[in-house]
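One chain, chain A, appears in both complexes that follow, with chain B as partner in the first and chain C in the second.
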Partner chain A sequence: MAGKIKITIDGKEIEASPGEKILWAALDNGIYIPHLCAGRDHHPPSASCRLCFVEIEGYPQPVTSCTQEVTGGMVISTRSERLDRIVGTGFEMIMTNHLTDCKACPKNRSCELQKIARERKFRLKPPRLPRLDRELPVDDSADGIKHDPNKCVLCGHCIRACREKGAGVLGFARRGFERVVTTFNGAPLGESGCNSCTACTLVCPVGALTLKV
Partner chain B sequence: MILTEEEKREAVEKSREILKRHDSSKGSLIPVLQEVQSVLGYVPPDAMQEVAGHFNIPSVDVYGVVTFYNQFRLTPPGKNQVKICMGTACHMRGAGIIMESWERVLGIKVGETTLDREFSLERVACVGCCTLAPVAVVNEAVHGKMTPTKVDGMLFSHRLANPKEKEEKPGE
Partner chain C sequence: MSNKNASPALEQLRDQAIKNRASLEGKTLILVGTATCGRAVGALDVVRVFREEIERLQLDAAVIEVGCMGHCYAEPMAVIYKPGEPGICYGYLNEGIAARLPQDYLVEGDPCAEFALAAMEVHEYIPTFQDFPRGLIEQKAVMEHCGYIDPENIENYLAVGGYGSLAAALDRNPSEVIGEIKDSVLRGRGGAGFPTGLKWEMCGGSQEKTRYVICNADEGDPGAFMDRTILESNPHLVIEGLAIAAYCAGAAKAYFYVRAEYPLAVERIKKALQQAEKLGIIGKSMLGTKYSLDIEVFQGSGAFVCGEETALIASMEGEPGLPRHRPPYPAVAGLFGKPTVIDNVKTLSYVPLIIKNGAGWFRSIGTEKSPGTAIFALAGKLVNTGLAEVPMGTTLSQIIYDVGSGIAGNKKFKAVQIGGPSGGCLPEETLDTPVDYESLSKAGAMMGSGGMVVLDEGDCMVEIARFFLDFTQKESCGKCTFCRLGTKHMLDILERITKGEGRPEDINLLLELAEDVRAGSLCNLGKTAPNPVLSTLRYFRQEYDAHINEKRCPSLMCKDLIAYYILPDKCERSCDACVGSCPVEAIFSNEDRIKVINQEKCVKCDSCLVACPPQYRAVIKVSPPDEVLRREKGVK
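Our next item is the complex of A and B:
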């Protein structure tokens, strides 16, 4: 195809479109790079989950593959001791305040965190850091949607989905450890103007927003 | 916090007045919120909705900004403002325990106001008298070497000195 450029990821030569981000080029060619917050149509990418780091030959530091565009002849590696340490630490920090209750979680076996752990051989329970439980109330006030903020990884997919397909009631609030996905004035979903379109439950990579059973 | 109809009306009117003086570019959002707070003393939900409409953004985004910055309050300030120093020295001397004591005796969380509007509780950085750590500032008066017992005592003496509350109670 015209305009395709060649790049090398983990020794495998692949074709990518100019301007494409490394992450999507890799995923389209069967090379897995952990990611939570990235989306193909996000401009600019939020690059907030810090899991999609790769190393590029000639670059002094690892870069986030969701923000880095491909250029012809780029030689990229997705695994190294340094990358595994950076990504592993990022993953561990996410897991310190993710309520890990897989057995009772509707997302069990389809959870993005489980996938990352499996692919990279990380442990779901943070091996070095203490757990920091937020103990926030579960909100099941909306029709068909259950929101458990204790499982949220703050990727922001639900907020985008809510604005594109739903009533646009979801947003981020507060700061730091207390940051949450919530509605105006922290109202329960059922009283927030949510129209129960369930778009958020389809994009949530973990069990934070799920269909009520 | 339950706001009266009058307060809600005031919030809407004042924010409309303020918004008239600002364009709807994103950069004006925080200056507008700061002006709302300086006029009303806090940023009530009705004002946030007015502001969101002016900037044509979801109201939850305004809520996100207001909750992100420490400078904004969501509840009206109380008649008595309690500020707990959370600076380094006070932190080391147990400011967290003092904060918890106030939260317990007042029945509110930091940043909130009691239902009777008597007290509001805030955290501040260093107030400049670290030798007295941990420090609480109540209406500009500095109280040093705070303990949970002292917190109980201060509230008790306040209630003794303000019998107005007691008059109200039988009527409840």
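Our next item is the complex of A and C:
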């Protein structure tokens, strides 16, 4: 194919388009790299979930594959002791802050966190760190949408979807550990101007924004 | 771009400024330091009293508000230049002393040596600042004129050669000027130490026509105040540096990013910019050349993370102040996606000096890899707090003991915290470390922006680590996983330890988390957040162990691990000072009239310890708290 370049991921030689990010090249070729916040059309990438780390030959530190462009002849690995440790710790931290109630969750079996845990053999309830629950109120004021911020992983997909397809009422607020996805002034979704397009529920990788049943 | 007429134009302005100054000749000049450090202890009252007294005594004198000379410990300060006599600097002023000086010195001729801190030139019986131990070490480059010139009067700056470097730069090609800066090996003083000339070259060489230059004055480290002092004391120096940087980078627009918590700095920069624009030094066709530059002041809203350059840019674009992934670096794609140079206040302040004195001069100061001087804000348990400008390579002990005059209150030195929340705590055995970028990183701290907080034996290192992590956790923007949740987990563990609930496995957990947060975080706030924990674990492991294994705080600082106890053999019995001071009535007299603390009622407020007269010193702190029981049983 014209204009394509060759890279190696985990010993497998694959073709990628110049300028493409490693994450998408890998996923397109059946190589899984954990990720929550990345999107193909995100410019610049959010790079906030910190789960898609890979190692590249010649680079001293692991890099996030959602931000790193491929170059010809690049030799990449998605697994190593060092990578497993960083990604494992990141995942563990997210899980301590994610209400893990899988059996009662509508996202059970289609949850991105379950997928990462399965692929990388991580535990959904890691024993090393204590839980960091925030016990925020669940918002089911909008037609058709239920928002449980205790499950949110702050990937930002819903905010993007709401701006592109919906009424654009969602956004990030507060800082540090208090950071949340919310509406203007923290109004309940039903009073925020939300038009119940449910685009947010389609992109939420976990069970934070779900269709009301 | 150069047409060599900037220097003659400036020459004219300087001559005019010197001519205008002649009106002050024959007058007595009273310079009062009214930077924030002086104002905090009443400098404005001192100014008012001086003015009233001069008015009352009908003296031919002028009171001029200046910045800070770096001797913040002795504020409010004033320098009095009486015609025909060496200037005398008075420290620790108050309204009473200020009311006396005009009468005693200016009218009656008694220089009041008892209030004098130093003489500005050789004096019969008052030592000069050069006679101080710090006089041998300090080398003032950036701070040369701080505290000596009126920051609100551009003519003062012009008269000492100000804007000469800008004129010289405008008469040369930008590439020549960048060459000079590169040749000087000037490194960014914001913390990372990136070569400044290289940054300018990257931006200046861009294909993109619109470019920006930003002066980062979003100083936010606890205990750091170098940038504030420079901006308040000599704003024109920074403006000159910023203008030269903009000329080199080919930018038509430059910004000061100052935090809104520095109102005086904002005011003085704005005033300085207006004056410079009025004289045609900044603005359209600067100094008669073809180069035009617009400088604007942008006030940050107080987020610590906005000192990080990508977050700073985001906040200027009207977005939330969150960091972005680098690369692309701002020099390639910065503000509004255009190439942007971002330099710290101190970095820019060196630029006019390098153009004026040459790259060789700059390289002759300091060390080979870190040339020039370093400016530190000395804070904490020192005798002499304030600003110190020393050559790079000066050792920590010289700064602490010679410039800062050692530890206050006859206490023992324990550690020095360098580099703020991103830095580390260094113990006594590392005091021979020279201050330069490489040596400090090797020792486990970092150059940072230049905050230096000295800690004594009464400071618990676990509590210090907890304090800094609490700071980073509160100031974390919350965008990325490791900084948002990792620092929270680490903070929870440290809190547990300071409360005496630590577990033996906590130390390893802290070390593991610290390493992962460092490796995994998005921006440098998160990447460096574990440093205070790592450095205290490296040098003060025994304190962590005492907290965890013995539930004891060796520095008697952690509230949950101490108790107050009144030594029966030292208690004077008939003195009721402690009883009266206790806000919760926890102290009572026993049958021998010895005072005893009811431990269940005690809220550990420290009032009794302060109230107990120094000749008795009967109230002590003990750790662990059940030490009280042991002692009480031992007595009975």
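Some observations on this one:
To be clear about the criterion, the second predicted complex is superposed on the first by the 213 of 213 C-alpha atoms of A that agree within 3 Å, B and C clash if a C-alpha of one lies under 4 Å from a C-alpha of the other, contacts with A are read in each partner's own complex, and residues count from 1 in each chain.
Everything that follows uses one rule, which is that a contact is a pair of C-beta atoms (placed from the backbone, for glycine too) under 8 Å apart; a residue touches a chain by one contact, two chains touch by 3 or more.
Here the structure is a predicted model, which is why all the values come from computation and not from measurement.
By the touch criterion stated above, A:61 is placed in contact with chain C alone, chain B being left untouched.
By the touch criterion stated above, A:100 is placed in contact with neither chain B nor chain C. When the shared chain is aligned, chain B comes close enough to touch A:185, but chain C does not. Counting residues of chain A touched by each partner, chain B versus chain C, the larger count belongs to C.
By the touch criterion stated above, A:163 is placed in contact with chain B alone, chain C being left untouched. Once chain A of one complex is fitted onto chain A of the other, the partner contacts of A:150 are absent, as it touches neither chain B nor chain C. Contacts of A:47 after superposition: chain C is touched, whereas chain B is not reached. After overlaying the two complexes on the shared chain, residue contacts for A:172 are found with chain B and with chain C alike.
Contacts of chain A with chain B, set against its contacts with chain C after fitting on chain A, overlap at residues 172, 174-175. Taken in their complex, chain C has these residues touching chain A: 303, 320, 324-325, 473-482, 484-486, 488-489, 492, 509, 512-513, 516, 519-522. Per the touch definition, chain A reaches chain B in the complex via residues 163, 168-175, 182-186. Here chain B touches chain A in the complex through residues 45, 48-49, 58-61, 63-64, 67-69, going by the rule given at the top. Within the complex formed with chain C, the residues of chain A that make contact are 44-51, 53, 61-62, 64, 67, 85-86, 89-90, 93-94, 96-97, 128-130, 132, 154, 172, 174-179.
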